[in-house]
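Look for chain A in each of the two complexes below; its partner is chain B in the first and chain C in the second.
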Partner chain A sequence: MTEEKVFEIVKESIGEILFDLDLSLVQPQHSLKELGANSIDRMEITVRAMEMLSLKIPLVEFGKVSNIQGLVDILLTQKKAAG
Partner chain B sequence: MAVGIEAMNLYGGSMFVDVRSIFEGRGLDLDRFDNLMMVRKAMVLPCEDPVTNAVNAAKPILDRLSEEEKNSIELLITATESGIDFGKSLSTYVHEYLGLSRHCRLFEVKQACYGGTAAFQMAANFVASQASPGAKALVIATDVSRTTERMSYAEPSQGEGAVAMLVSDRPQLFELDFGANGLYSYEVFDTCRPRPDVELGDPDLSLLSYLECLENTYRNYTEKVEGADFLETFDYLAFHTPFAGMVKGAHRKMMRQLYKMGGREIEADFQKRVAPSLKYCEEVGNVYAATVYFALSGLIDHAPIDEEMRIGIFSYGSGCSSEFFSGVVSPEAKKALSRMRIKEQLDARYSLSFEEYDKLIDMNKEWTFGIQDKAVDLSGCQTMYDHAMAGKRRLILKQIKDFHREYVWS
Partner chain C sequence: MGIRSRSSVITGMGVINAIADGIPEFAASLRAGKSGIGFLNHPPEHVPVRIGAEIKDWKYIEALNSIHGLSDELRQRTKKSSLRSPFPVQVSVYSALQAWRMAELETKPAEPERIGLVIAGSNLSQHYIYRQNERFRESPEYLPPSYALHFMDTDHLGTISEILNIQGEGFTVGGASASGNIGLIKGAQLVQYGLVDVCLVVGAVADLSPMEWQGFHAIGAMGGKRFANDPSLSCRPFDRQHEGFIYGQGSACLVLESSESAARRGVRSVAEYLGGGIVLDANRLSDPTEKGEAKAMNIALQQSGIEPKDIDYISAHGTSSPLGDDTEIMAIRQVFREYTPQIWINSTKSLTGHCIYAAGMTEAVATVIQMQEGFVHPNLNLEQPIDDECRFVGKRSMDTELNMAMSNSFGFGGINSSIVLKKGERTEWQ
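Now for the complex of A and B:
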């Protein structure tokens, strides 16, 4: 699993929640908030990305995430740890 | 034996302000207004505090009891995160002004918004233990939110008020499924009141922790209750409601996760099983320790109940402690609760303009923790008082004299 692949999965889950958004504009340094996601949207994007990666990470681990890169980092680390 | 809630009443403040007017007045982003799903925010006057809220919630219940029934209350637990003294619990004042028997245990519990459930479960266990057969318990969760004013997006959603519940072996309002408790707790620093004048919160972390707890308390519940199914077992659901939009998101997450349901199906289920529980919460805001029982009351008053029906309840308190439990309501419950005329009471509150609301915040701010001597001055809010309190026989704070609070009836 590469960082690019995880980023693509996160983008896909963003697309499922923020369906009006042009995904080609989404960059790792963007925060989900600035893309227009409210607190519930942000949680759902995180949960969907975890599901697509078959990961089960306690949600509170994502409490300090400030941008998409931060989300990708946690998912990638956990995916690698899971083998 | 049967155990649960015999009678319940809410106090949703003496005034309210429209949530939209707070958004407009503070220049908040109206896009987030829809996400919040809140209509009104409850407010109280400078002559109201957690003690008066508690008494004003409980008194209509007590007024309907015979002397004998009243004297059978052997336990009074207050639950609050708005304490007024480090040592003396506010239950002592509540006990005095409700005129309860001296042969009664008095104390207070605290665990953020879980406090009301902590107190309720302890009271139910006391009744079920049969340590004193026939004895009743009075549980009151009461809070104020003076510390969150002008706190950006937390401001519109934080309310004040109280819920009072008579817990006994005659649970005509809500019969607890005794022993069916899913628990989940751990240390997390999501919201707190580290000083009497400071209320802090990390809303994102709190939301994630709430959802983590909902999933895990429910899982723990299914381990204890064979065959439990989130969709089939519960006719209705009542969740702790920091804001109504949060409950909608939490329900959606559970339905997607457990049943892979699509948006339309989830919305239909939400409208049927959850939406009635939000009716009073939308009218009052987050009343901290009392909130989940505002949800339960809203459900009983608004949902069709034509036979015995099971309600799943999720209680969460930051910090954190949480529980998923259940109980049964019957058409009798609807009749019993309707006697409290909760909707009528909420509609009779004084409607504050944004300017009046803003002024009231400053008046209430003077009533900080630890005041030694101060008399309540209502000259700045006489119109509001006359409308909402005068002649209604509600308890109000008159003054604090050498730290001791003195109350009178309005």
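Now for the complex of A and C:
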């Protein structure tokens, strides 16, 4: 699993939740908030990305995430740890 | 006279069910006596029920785009707020937008703080919850966080108020199969007491999960056994071969408004709400009582300041269940005495099925349409009436002038309700 692949999966989950967003504009340094996600949308995106990656990570782990890159980092680390 | 401090008129209506997508189609289907009952396209799993009246081929985006006269901004806001909402919320939004449009609330606005919102029905997310439950049992971690919003009935309230910028008083009301009438009565009271100028009342679709289907089936409340192979014959209110209710999927919305507000905004009122009564039987079971039903009708007449002889038409609760139909006829005869033979009676459920929470709202809309257009719709499958004195409409619509009408709704748990409506200014449906 590469970082690019995880980013693609996160983008896919963003697309499901923020259906009117142009995904080609989404960059790792963007925060979900600036893309228009409200607090519940942000949790939806996180949980959906976990599901797509078959990961189960306690939601508190995402507490300090400030942008998409931070989300990708946690998912990638856990995915690698899970083998 | 009762508590009428300000008169409350109806300035907007919306509807969706098995025989109607919008008011003009509902008017045509009622007049034609179209049955929406058939074999279910989506029968509940594990449950031996195969008959009902479903909304067919409905797609939310297409439905939203089909409402003419809404601004692009409102359409966009609607999509943003509700495109991912559960089906029952989307159906509520759809009937509310139709009514909003008919009441011209976008082009001739009222103060947002003076608009109220009542959602009629409770336990509105049963099927959604059932599906999420299956998912949760497998992997609780993947339950969508938005479940926290969607499992509550107030999701309808929050979503519709966000879309339409409604900022006055709002709440949900439950009254089992009487929910629609209860919502209407409470909404009218908000207007009559001057707490709001405009009030949307939305009867929500009953999106039953297989467990609710099974429960209704198990207590013997549902029909469709004798005519298992001929669904269109299964719903037969007031006929000797009635045997239980047939489910109907539907939602309806009415915009209630003070007559001052309607005049100020320059909109027509299609009907006036005169009064309504709600009484309990002190009984938690599913069996109705003549006494409670008669009391609700009498209170509705008193609140309206009218006499039994003034009523031209009764939109009966008439679910096609033997005890329910018999009890309602006894109650009607008790209230209307010698005037009973001159009052038209029909049951809209013979066409739409029993829309449960939205039944009272759906039937109020049907009543307004019939008063406006001057006809009474047929009682489908009424071949051998259970009563010879009542003036049941036959198998065809009848043209007739209707000035004042009563609409009854009764629910499990001894909940009795009745409302009275008066014909308003003539309006062409658009």
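In this section, the second predicted complex is superposed on the first by the 83 of 83 C-alpha atoms of A that agree within 3 Å, B and C clash if a C-alpha of one lies under 4 Å from a C-alpha of the other, contacts with A are read in each partner's own complex, and residues count from 1 in each chain.
By definition in this document, a residue touches a chain if its C-beta (ideal position, glycine included) is under 8 Å from a C-beta of that chain, and two chains touch if they have at least 3 such contacts.
What you see is a predicted model; the values in this text were computed from it and never measured.
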What is the contact status of A:K56 with respect to chain B (first) and chain C (second): first, second, both, or neither?
second
Considering only the touch criterion stated at the top, classify A:M43 as touching first (chain B), second (chain C), both, or neither.
both
Which of chain B and chain C A:I17 touches, first, second, both or neither:
second
Common interface positions of chain A, toward chain B and toward chain C
40, 43-44, 47
Okay, in this complex, where on chain C does chain A touch?
79-80, 83-84, 139, 141-146, 148-149
Which residues of chain A touch chain C once you look at their complex with the stated criterion?
17, 19-20, 40, 43-44, 47-48, 50-51, 56
So, in the complex, the side of chain A touching chain B is made of residues 38-40, 42-44, 47, 58-60, 62-64
Residues of chain B touching chain A in their complex?
32, 35, 188, 190, 202-205, 207-209, 211-212, 245-246, 248-249, 252-253, 256-257
